[in-house]
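Two complexes are shown next, each including chain A; its partner changes from chain B in the first to chain C in the second.
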Partner chain A sequence: MFQNFRLSMAWLHTWFGLVLGFVLMVVFFFGALSVFDREIDRWAIPASRFEAQPMPSFDTVLRPVFETMQPSADRIEQMRDKVNGPLPERFTVPTRWGAYTTHRDPVLGMFVGYEVPNAKEPETYIFASRTIDPRSGASLPDDHLKIGSGFFYPLHYSLTLYWKDLGYWIVGLAALIMLAALVSGVVMHRKLFRELFTFRPNKSRQRSLLDLHNLTGVVALPFHFFFAFTGLVIFAGIYFPITHTQLDPLHELHEQLEAQETGLPHERAGVPAPIASVDAMVAEAQRRWAAKDMAGEVGFLAVQHVGDANGYVSIYRAGTDRIALTGEGIHFKASTGEVLREDPPSTAVGSVNEFLTGLHLQHFRHWLLRWLYLMGGLVGCVCIATGFLFFVEKRKRQHARQNSQGARIVDALAVTTVTGMMLAALGILIANRLLPDSMPLGWPERGAMERYLFWGTWALAMLHAGWRSGPVAQERQNPAWREQCVAVAALAIAAVLLNWATTGDHLWRTLSLGYWPVAGVDLFMLAAAAIALGAARKLKQRGAAAPATRHEPPEPAHA
Partner chain B sequence: MSVVLRAPQVQIAGRIAAALLGGYAFTWGFIALGVAGLFATGMEFHDAEHLCNILGILAFLAVFLWAFAARSVKRVWLVLAGAGGLMAASASLIQHLLA
Partner chain C sequence: MLDACLLLAAFLAAVAGMGWLALAMEPHWEQACGQAPYQPALAGWLRRLGAAALAASLLLCLAVDHASMAVLVWFMVLAAATLVIAFTLSWRARWLAALLPGAAARA
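Here is the complex of A and B:
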């Protein structure tokens, strides 16, 4: 089909990159923001603006909360068609209690999984979740969206399209295409080392765009490859559910062998039993970690088969000080506190897998690396966005002559996914500061409203980009670029001011207190505003300099 | 896009289908056979799963690129679907012998 290998790779790079690039922009941008998801959470939920807390006492704080937790109305609604007959008023058989925290969490997330009576499929559970202030045990309102960990982060890996896991599959395909684009990009250019030092901003726009595209692609090549690859590894079980379909019998065989080996019961005994002091088990777990020279805090705590004689408590260590996502889990008999099992050290393959996923998910404490991750993600965005712009620049004149709308449409979509996406992200933060604490009767709840306003802002940005895109078909610039840059700056400044007005946490205060989570989000938005204003000024100068007259002889360049 | 033989859109669509669906089938077979085979030879089940996922994704990338570079799309289908099917069948056979 293609004359040679290089041309086939160029075709692949251009067209797959174009189509999936729009998805990749979302994945890279919200992945970059997710690096600071817990900090964005604190900005969005002022009640959580205090220092990160360790796991509180189970016996006095967690247990009373677990015992009152019930699934939310919409979770129950979703469960209706998975059961035969009606659902109970209250769910009474908790199969699992869990609480999870990290070194960046002031508030604590808790969940309970209940058995669902009369479920059509075996092992159907319904979940209740709650966020508490671990200092007092007081619950935070359920309808307050954790914008960082509860919205930007899921956008990063699922686009929040949960129907048939569609979002996961689209993101997975985009990640595969990212890997293919990196390999094909290297094949196309060859002179990798030279790209690192080549940026000619004063050459033709097409040339400087390509320089920037190559530079940002090559400079962070290992970063881009690593993240796309490990992202696929993390969700490989969704993309290739082999051990739950074709090889399910083999998996079952392994589970039975494992239950025998670990001594951790797979099923309830059906005999009620009380829960002994879990605080004593935590103390024992911490003593054992310290004895292994790995003293540490609890990251994840779970009780399995709650209230049953087969119940057991699993305590995992927070991975603050190591890359690999290991828990050093220790398991206790819930009714007596006797140690049932200590997880063995990882095997070689296990260690590799934990290292790969741990380096992607970044649970460890390393602020410099965290910032580098953010920058790496944004460099990826620049790489993808300059790819779009190069595509447009290369074809603009030809399309204008042929009266084709191709370049115009791609340019409008590029506006939507670059500045439009930033507007949407700022839009949800502004909505978060402006919406009432709880929505009036008849309205969607607060968190849902925030999400609607996010998508609404984005849709408006798309309409605007399309409406203003006419000049591209005549080989000129789309004024939406400049207008949306100004809008980004305005919204970013507005978000910072609203944070001040509604919480009193202005920058002077957060900086002088050294409260970096909130100060950092504010400063980041101000930096975005400054860059957006600079870009708007530049675009205005370019627009005034009548770009259509700047025709330099075309240079050979593929993409 | 260079060489245009007949109906280029059809050709392109055929390539894309071969690369994505054929590549998926191949990778499925690769991971399935790897997990069953390694488990049968004594590797811990989840270790086998993780290792084969890691290698499987790299294999998918390789065959995906190859599907566009190869001269004949028929050969791409034959190799990817054929090998994928054979590997998946072997995995089931191993499972049948074990479980």
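Here is the complex of A and C:
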């Protein structure tokens, strides 16, 4: 089919890169923002703008909250066709209570899993979740969207397409293709080291774009490779769902054997039992960690088989000081507080898995690495975006001659996924500052409204990009690039000003208080505004410099 | 504070290391040093110096963090340093001559 291996790699890289590049762009951009998800949450929920808190007292703060938590209306709605007969008014048999926190969380996320009576499948649970202020135990309104961890982050790994888990599969496929694109890109590039430092902004546009594409692809190659790979590892359970398809009986048996081995009951006993003081268990767990020279805070706390004689409490140490998320789990009998089991050190396979997962999810404390991850993600975005632009530049002439719309369409989609996506991200932040605290009757709830406005902004940006794309078919620039750059700058500045107007937290104040989560988000948006304005100016100069583009002797085809 | 200084030093070592590696390449040497002739022998030394600086950067990272974390930090620091050098070469190539104290740079 192809004359040589390199040409076949080029074909693969070009076409797979083009099709899945749009998905990868979303994954990279929102992945990069998710590095600072907790900080974006602070910006979006002003009531949560205080210092990070340790896990609060279970007995006085958490337990009363757990006891009142019930699944939300839409969760119940989703459950309807998974049961025979009606659903109960209240769910009464909690199978699991859990709370997870990190060194960057002022507020605490809690969840309860309830057994669903009359479920069609065994082990069907319905979940309730809530966020509290751990200092007082007061609940935050459920409809206030945590834009960082509750929206940008899920966008990153699932595109928020939950129907049949479609989003996970698309992202997984994109990650797999990305690994292929990296390998094929290296094969095509050939001068990996010789041109490692090469970016020639003053050469032809094709040359400069390809330089930038290669540069951003190569410098962060280990980052790109590891993140695509570890992303796939994290969701391996979704991509290879063997435990709940072919091997279901074996899986069940394994769970029972594991329960025998660990002494942690797999089933409820059916005998009610009270819960002893969990605070005392936490103190004991911390004493044991300290004795192992690993003193630390609680990261994850869970009660299994709540209120049953077989109930047990699991307490995990927060992985603030290392890559793994949590560890050193200690399990107590819920009714007595006696230690049932102390998790042994992870096996080799276990630690590799924890390392790979932790490397990607980064709940550890290392601000430099956090910023470097952000850089890696944005460099990845530049790599993909320059890939699109190179594709367009290379074909624009030919398509203009042949009256083909190909380059025009790809360019419009590139506008949509580069500047359009930034507009959407800014749109949701602005909506967050402008919508009333609770929506009037008959409207969707606040968090849902914010999401609709995000998609609405993005759709508008797409329409605009398509509407203005005519010139590309005549080998000229799409004015939407410049116009959307100006819009990005305007919205970014508006978001910072709205934050000031609606919360009083202007930059001067957040900076002098050293409240970096909010100051950082504001500064980041201002930096984006400055870059967008700079880009708009450059594009204007170039547009004015006449469509007569300089044509240097064409380079040998790379893509 | 000490950790922050060590990490800064690791970053600077990586930038210098990448800078030396770039100067060891003929096209970049010409960009940075203009008329001064490119000497393969000097390039060999620059390459060794560059590699040593990158190794020093890794050691500095290891001094701050647990090995598993330090390696991640190092890889990302290398990426950042490469970008710094590449963009310097694009817009202010002459600045790289600052990495060559002494006669070699001034010719």
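Structural remarks
Note that in this section the second predicted complex is superposed on the first by the 552 of 559 C-alpha atoms of A that agree within 3 Å, B and C clash if a C-alpha of one lies under 4 Å from a C-alpha of the other, contacts with A are read in each partner's own complex, and residues count from 1 in each chain.
The rule is simple: a contact is a pair of C-beta atoms (placed from the backbone, for glycine too) under 8 Å apart; a residue touches a chain by one contact, two chains touch by 3 or more.
The model shown is predicted, which means the values in this text are computed figures rather than measured ones.
Once the two complexes are overlaid through chain A, chain B and chain C fit side by side, free of any clash as defined at the top of the document. Contacts of A:254 after superposition: chain B is touched, whereas chain C is not reached. Angle at chain A between chain B and chain C, computed from CA centres in the superposed arrangement: 90 degrees, to the nearest 10.
With both structures placed on the common chain, the touch criterion links A:523 to neither chain B nor chain C.
Once chain A of one complex is fitted onto chain A of the other, the partner contacts of A:409 are absent, as it touches neither chain B nor chain C.
In the superposed pair of complexes, A:350 makes contact with chain B only, with no contact to chain C. One of chain B and chain C touches more residues of chain A, and that partner is B.
In the overlay built on the shared chain, the residue A:180 is in contact with chain B alone; chain C does not reach it.
Touch criterion met: A:369 reaches chain C, while chain B stays clear of it. Once chain A of one complex is fitted onto chain A of the other, the partner contacts of A:18 are absent, as it touches neither chain B nor chain C.
In the overlay built on the shared chain, the residue A:361 is in contact with neither chain B nor chain C.
Taking every C-alpha of chain B against every C-alpha of chain C after the fit on chain A, the minimum distance is 18 Å. By the touch rule above, chain A contacts chain C in their complex via residues 194, 196-201, 215, 219-220, 222-223, 321-323, 355, 359, 364, 366, 368-369, 372-373, 375-376, 379. Against chain A, the residues of chain C that register as touching in their complex are 7, 18, 22, 25, 27-28, 65-66, 68-69, 72-73, 75-80, 82-83, 85-87, 89-91.
Contact residues of chain A toward chain B in the complex are 1-3, 5, 7-9, 11-12, 173, 176, 179-180, 183-184, 229, 232-233, 236-237, 240, 242-243, 246-247, 249-254, 258, 347, 349-350, 352-353, 356. The touching residues of chain B, counted against chain A in their complex, run 1-3, 5, 11-12, 15, 20, 27-28, 31-32, 35-36, 39, 43-51, 53-54, 56-58, 60-61, 64-65, 68-69, 71, 73, 88, 91-92, 95, 98-99.
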